[in-house]
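For reference, the structures are reproduced in the following blocks.
Both complexes below contain subunit A, partnered by subunit B and then by subunit C.
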Partner chain A sequence: MKSRDPQRQQGAGWLFVSPAIIVLGVFLVAPIGMALWVSLSDWSGSGSPISGDVNFIGTENYNALLADPGLARQDLMISFRNTFYYVLGVVPLQTMLALSLAVLLNNRFLRGRTFFRTAFYFPSVVSSVAISLLFLFLFAGSGAINNVLGWFGVNGPNWFQDSRGLIHIFGDAVGLWSIASPPSWMTSPSVMGLSFWEWFSGPSVALSAIMMQVIWTTAGTFMLLFLAGLQDLPVEVEEAAMVDGANKWQRFMNVTVPHLRPTILLVVTLGFIGTWQVFDQMYVMTQGGPAKTTLTPAYLSYQAAFTNGDWGQGAAIAFILFAIIFILTTTQRWLMRDKDASAQKRADRGVRRQRRRPTRVIVEETQRKAQSS
Partner chain B sequence: MSAPPKDDGVPVTPELAAVGESRPSRVKKYWFYGMLLFFALLYIYPFIIQLVTSFKTDPDATGNALSLTPDPFTTGAWETLFSSNYPTWFTNSVIVTLCVTVGRVFFCSLAGYALARLKFTGRIALFTGLLAVMAVPGIVLLIPKFLILNYVGIYNTYPALIVPLMIDAAGIFIMKQFFETIPESVEEAARIDGAGTFRTFWSVVLPMAKPALITLTILSFQGSWNELGHFIVATNNPDLYTLTRGVAGFTTGGLGSGNQYPVAMAAALLMTIPTALVFIVFQRYFTQGANAGAEKG
Partner chain C sequence: MKNQKNRLAAPFAVGLASVLALTACGGDGFEDQETGGDAEEATSAEGSADLVMLIASSGEAETAAVEEAAAEWAEESGNEVEVRVAADMNQELAQGFAGGNPPDIFYLDAAQVAQQATDGNLHAYEAEDNEDYFPALQEAFTYEDTQWCAPKDFSTLGLQINTEMWEAAGLTDEDIPTTYEELAEVAETLTEGDTTGLVFSPGVDRVGAFVVGNGGWWLNEDATEPTGASEEVLSGLEYVKENMAEGSFAYAGDVDAGWGGEAFGTERAAMTIEGNWIRGAMSNDYPDVDYTVAELPEGSEGPGTLLFSQCWGVASDSEAQAEAVELVNHLSTPEQQLEFAEAFGVMPSRQAATEDYSSAFPEDAPFIAGGDYGRGPVNAPDMTQVVADLNSQLEGISSADLQQMMESFDSNASAVLEQ
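Now for the complex of A and B:
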């Protein structure tokens, strides 16, 4: 029995993992090190970044982005502001839409469940480029959305050319201020390169259109997670609540939502992580415009390096973004630490658990993929 | 235990109706289906518009965005599309996706199996490293990847498009998790028969991992077909563009002034079709996790 020989397993083990180690090492670990070096250097993009002509400049790139007043810092702050409003809009709305879709689909009397589930989930598996093209058309000046708004007498905006912030528009509409001449107390003091007026703009009309697209696209994946959670809910519990005379809404709030709490937590934290990475839509649809209102850190990093040739700064932005996402991921892992234990306990009650453990990983994985694209 | 809802829509828990709630009234039912129809329209109508618009003329698409009858009907957009670089991009996408998928399924299974079953020094450290790698968001790797592809000297080649995507840490993780659920006694039997490590893996363990393999295949296919970021930084040669890269350029270059919405819709539609086919055929595997309960119940 040669193969039982530990020596042989040693060799085979390393042989089996070697392709993975080489590819991940060369195309993931090494480049991260290289980019870290570039973010600390004055490399201009020509020649090898690891040569004698390239100088170590310490944290100069990071200082320009985070400390020194200037265009670099202002752009990064604009991208943070945009992402803040983006997250604030997308995460709650996609969670609610996903939950609503799941609850609708979970109705006992529903016919054709598979059809509806397919329809709601389909956009999640389609290329973000294809979806972006579609939405460019739907949200065009004379596009479908504005046509529908027209039925209700609303004159739709020129979505992707409109840089007005929603809060600005709202304030203008209720007479708080005029967009054309913002009040001076909001424009004069500036914090990190942006005035209050700019900080409190809200998402621009263009960014809102992208937000709607992303909510529409990703809700389907999260719906699947909610459906899985809902089908775990023992019917007996709901029955008991029914016997106690709870109405539909009370049952939803007092039985369903608490039961789904781990799933809601998962969906919200995954939403946070995903929304910080948004890039494709900006690349395809707006290139950061109009007036930088759809600029995100990921797109800014790309633009700094590939468009403006400022590699050090582009790499530095990537590492700042990395740090933010790392904090979010760590927080998620920390928040979810008890979840696996309790999910296990719940699963023990059922007979179907053998299948669940591996498949649950797969759902989460599918989901992660969809989010990051 | 009582069965969860099934697709045929038969109420599976009649005793429930007897306890408290009477069967939903007609009004409630209409309200429910009304909501459902609204969401279904919201999700399906855009794709119908996409299909119809691809057979419209430019002015018709701009002027009657919602209309479902092309007036006049034309295949002009499709002809424009096929005489552009689109066929090249499509071929490239097929080549890249096939290579990435085959490579990923094979190498991730190999590594996953080693991490799950083989005893070798450094295994635990490697697994920890794998978890760390999984936490790196792809989007921050754009600049690093470009740097290394240039440094290694394969920028603007097929290997640059394919090799970096061939290993996916999450894929290794999925396979490892699955292999751990296969009873060890199966391998023992093979070993007693004198099979070597690779043979045991290839002819005994791998066939048992079919569900995981199919899932990984689908994830790889979908992931590499839809990938955009990596292809942006791996090439700037239009002959090497994949669909996502090429079509993304459509919007930034061609559509700005004289909008060619029908061409754009045709381009988007055609690149969606392979995904749609795979999705419809293998839907069970996409949604399996969510339905694990329902199917077994």
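Now for the complex of A and C:
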């Protein structure tokens, strides 16, 4: 029966999709599977990881990173702390900067629109390595940034050598504590190998310099996404808002932003993923220093594998990072979901279910409700 | 029924594809693993060998000199040598070892020997006339009683002094410090305004010299146990910390510099501690700064400097180890070492070449002298991360609790050494 059906040619179907399946399998599924295996093995980096000399050691690598007190866990926690502050600083700022640039450049009466669009997008096209090197010079102890700060009488720090955290500096400045001798209630208890003092350091000066660079570089890319979103906004809607007497700010908040909601969701998601995976800047500029304050999970993973020769831990860090990004983006999508739309959907579903249900059930239910109340 | 079959088919096909890919990866030549070690017979190519050499070159001059020397040997012996310059040595070596086709011969840092030897990546050999190498260098490449490779060249730390500031402070050659007390004194004299007496880069590779001078070291002699919290180590660190508190010592970062040489060149430092590589940097970037070089002063337990060296590593996976060792022999003759010295300023690792080198480069005498008493890097497997952690803690030495800092180093080090 089946084989005679001219609509169903399974063999041909598989044949046509096989190139895609093979490419995905070889370059995506197999490497991920291999990395997962390495993270569960004691592979030392010589020879094939699936040869007989390599032993399965269960979750030992994950234990060393997450459970056992030691250097591996301490370094991973430091990298999480750094990245947490990094994400907290970069994602909102780059999103807001990109949105404002897009709205400004979407103004139909702006002269030289094309020039500005190219100019703002330019940093995103230039290789991040080249930009990183440039920033190394800009933020050097006697570099351009400090010279400019000098005009205003500010004695700039030696950016990439300064490991002091911003929260520490702030507290020191307002007299809350002294960086040289931190209060004992903050140093004594330690959580996952780091004291409260270390957890609440804030991003270091060195990390802040990197954050500025990344915001500057990526804002252009996301500006492009917002510009594309704004092209879809019908002029009539905005005019209608104008007629209703809405001012500029009200139009922005009540017309533009709701219209851009899907784009904002996309930009924030991409921002989360990109910032948690940050690697290039650390590799080129700081190698995790000063005092490990620019260590990130991605760079730590690289370092564990290639410098320390601990391939299992390197792979395990990569999977832990994957889990974190997955959980965070899922949470963020759930938080930023369109509440009206999902409420509407749920209501529709409810109505459909009610219709499908036999009347008897509904009757029983109403009776039960009546009794219990 | 049919529907379900279709749903199962897709993952099955992907799974099959990945299994195929995995077996393809595992196919070629991974089975003939060698664990290395001196008991192994050196492999030898049939007929002429095609050697691949991976070097981390300091620049055009080094690449050209090594290529020329290798080509010379290839010509004489009838083999082929391809010299590759690594952009990231660690990474490219790791890829070679993982893929089962590492370069036959490569630069290997003394700090990496124990790790690579433990992982079974090295073929242990001794070059001709091994006894002629500086004993400290033989020691630096020895792990578990085996010398794994032949030292290529070496460098040590010396004390650079800015001549102009030295004279301006009324100091003469008589005053060149020979003890740590004298060093602290002249540093204090030289500290004035924007200039700090002695500036050096942070980390074990500079601070460690003062630990050695006080008779201490991070690990015990056999590198089996940490000795970080010992009195000798702590007194070395205490010396640095005290002088930093006085303001006469500083880290390069504290004077807006990236490393000791930059601080010295920009004259924010009257003295610095660097190796002979500082010559190139000074003549290129700061040609107007006049300076002299002295040996590092002696601590309470005698002279102390640090020694950095690389060797010619030969891979255990190489199919032409015998030829690779022959090539090393050719590259390590005293004559060839002197040629390298002239081409790109490295110091010969053979004592037989020392005299000629000293007469050709008399100003390097303080660096050469360090070859007799210098101390190589920490040489034990899995210590990279522990040393990196110590480095990051040493950055904050001026406000650190030294006892606590070294206890944490000891506990981290014991954790990996006990494995």
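Operating definition for what follows: the second predicted complex is superposed on the first by the 296 of 373 C-alpha atoms of A that agree within 3 Å, B and C clash if a C-alpha of one lies under 4 Å from a C-alpha of the other, contacts with A are read in each partner's own complex, and residues count from 1 in each chain.
Throughout what follows, a contact is a pair of C-beta atoms (placed from the backbone, for glycine too) under 8 Å apart; a residue touches a chain by one contact, two chains touch by 3 or more.
Note that the structure is predicted; figures quoted are calculated from it, not measured.
A.B. asks: What is the contact status of A:225 with respect to subunit B (first) and subunit C (second): first, second, both, or neither?
C.D. replies: After superposing on A, A:225 lies in contact with subunit B but is clear of subunit C.
A.B. asks: Identify the partner contact of A:130: answer first if only subunit B is touched, second if only subunit C is, both if each is, neither if none is.
C.D. replies: A:130: touches subunit B, not subunit C.
A.B. asks: Classify the contacts of A:263 with the two partner chains as first (subunit B alone), second (subunit C alone), both, or neither.
C.D. replies: The answer is neither, since A:263 touches no partner chain.
A.B. asks: Between subunit B and subunit C, which one contacts more residues of subunit A in the superposed model?
C.D. replies: If we count touched residues of subunit A for both partners, the winner is B.
A.B. asks: Now for A:208: first (subunit B), second (subunit C), both, or neither, which partner does it touch?
C.D. replies: A:208: touches no partner chain.
A.B. asks: Could you say whether A:239 touches subunit B, subunit C, both of them, or neither, answering first, second, both or neither?
C.D. replies: Touch partner of A:239: subunit B, not subunit C.
A.B. asks: Pick one for A:34: touches subunit B only (first), subunit C only (second), both, or neither.
C.D. replies: both
A.B. asks: Taking the superposition as given, does A:14 touch the first partner, subunit B, the second, subunit C, both, or neither?
C.D. replies: Once the two structures are laid over each other on A, A:14 reaches both partners.
A.B. asks: If we overlay the two complexes on their shared chain A, which of subunit B and subunit C does A:48 touch? Say first, second, both or neither.
C.D. replies: Both partners, subunit B and subunit C.
A.B. asks: Contact-wise, after the overlay, does A:24 reach subunit B, subunit C, both or neither (first, second, both, neither)?
C.D. replies: A:24 sits against subunit B and subunit C alike.
A.B. asks: Going by the contact definition given at the top, which residues of subunit A touch subunit B in one complex and subunit C in the other?
C.D. replies: Overlap of subunit B and subunit C footprints on subunit A: residues 2, 14, 21, 24, 26, 29-30, 34, 48-50, 140, 142, 305-306.
A.B. asks: Would you pull the subunit C residues touching subunit A in the complex into a rising list?
C.D. replies: Touching subunit A from subunit C are residues 2, 9, 13-15, 17-18, 20-22, 25-26, 30-31, 33, 90-91, 94, 97-98, 100, 115, 118-121, 252-258, 266, 317, 382, 384-386, 389, 392-393, 395-396, 399, 412, 415.
A.B. asks: Could you list, by residue number, the parts of subunit A that touch subunit C in their complex?
C.D. replies: Against subunit C, the touching part of subunit A is residues 2, 14, 18, 21-22, 24-26, 29-30, 33-34, 44-51, 53, 70-72, 74-75, 140-142, 158, 161-163, 179-181, 289-292, 303-310.
A.B. asks: Tell me, which parts of subunit A touch subunit B in their complex?
C.D. replies: For subunit A paired with subunit B, touching residues are 1-4, 6, 8-14, 16-17, 19-21, 23-24, 26-32, 34-35, 38, 48-50, 101, 104, 106-114, 116-123, 125-138, 140, 142-144, 147-148, 216, 220, 224-225, 227-228, 231-232, 234-236, 238-239, 242-243, 245, 273, 277, 279-280, 283-285, 287, 298, 301-302, 305-306, 311, 314-315, 318-319, 321-322, 325-326, 329, 350-352, 354-366, 368-369, 372-373.
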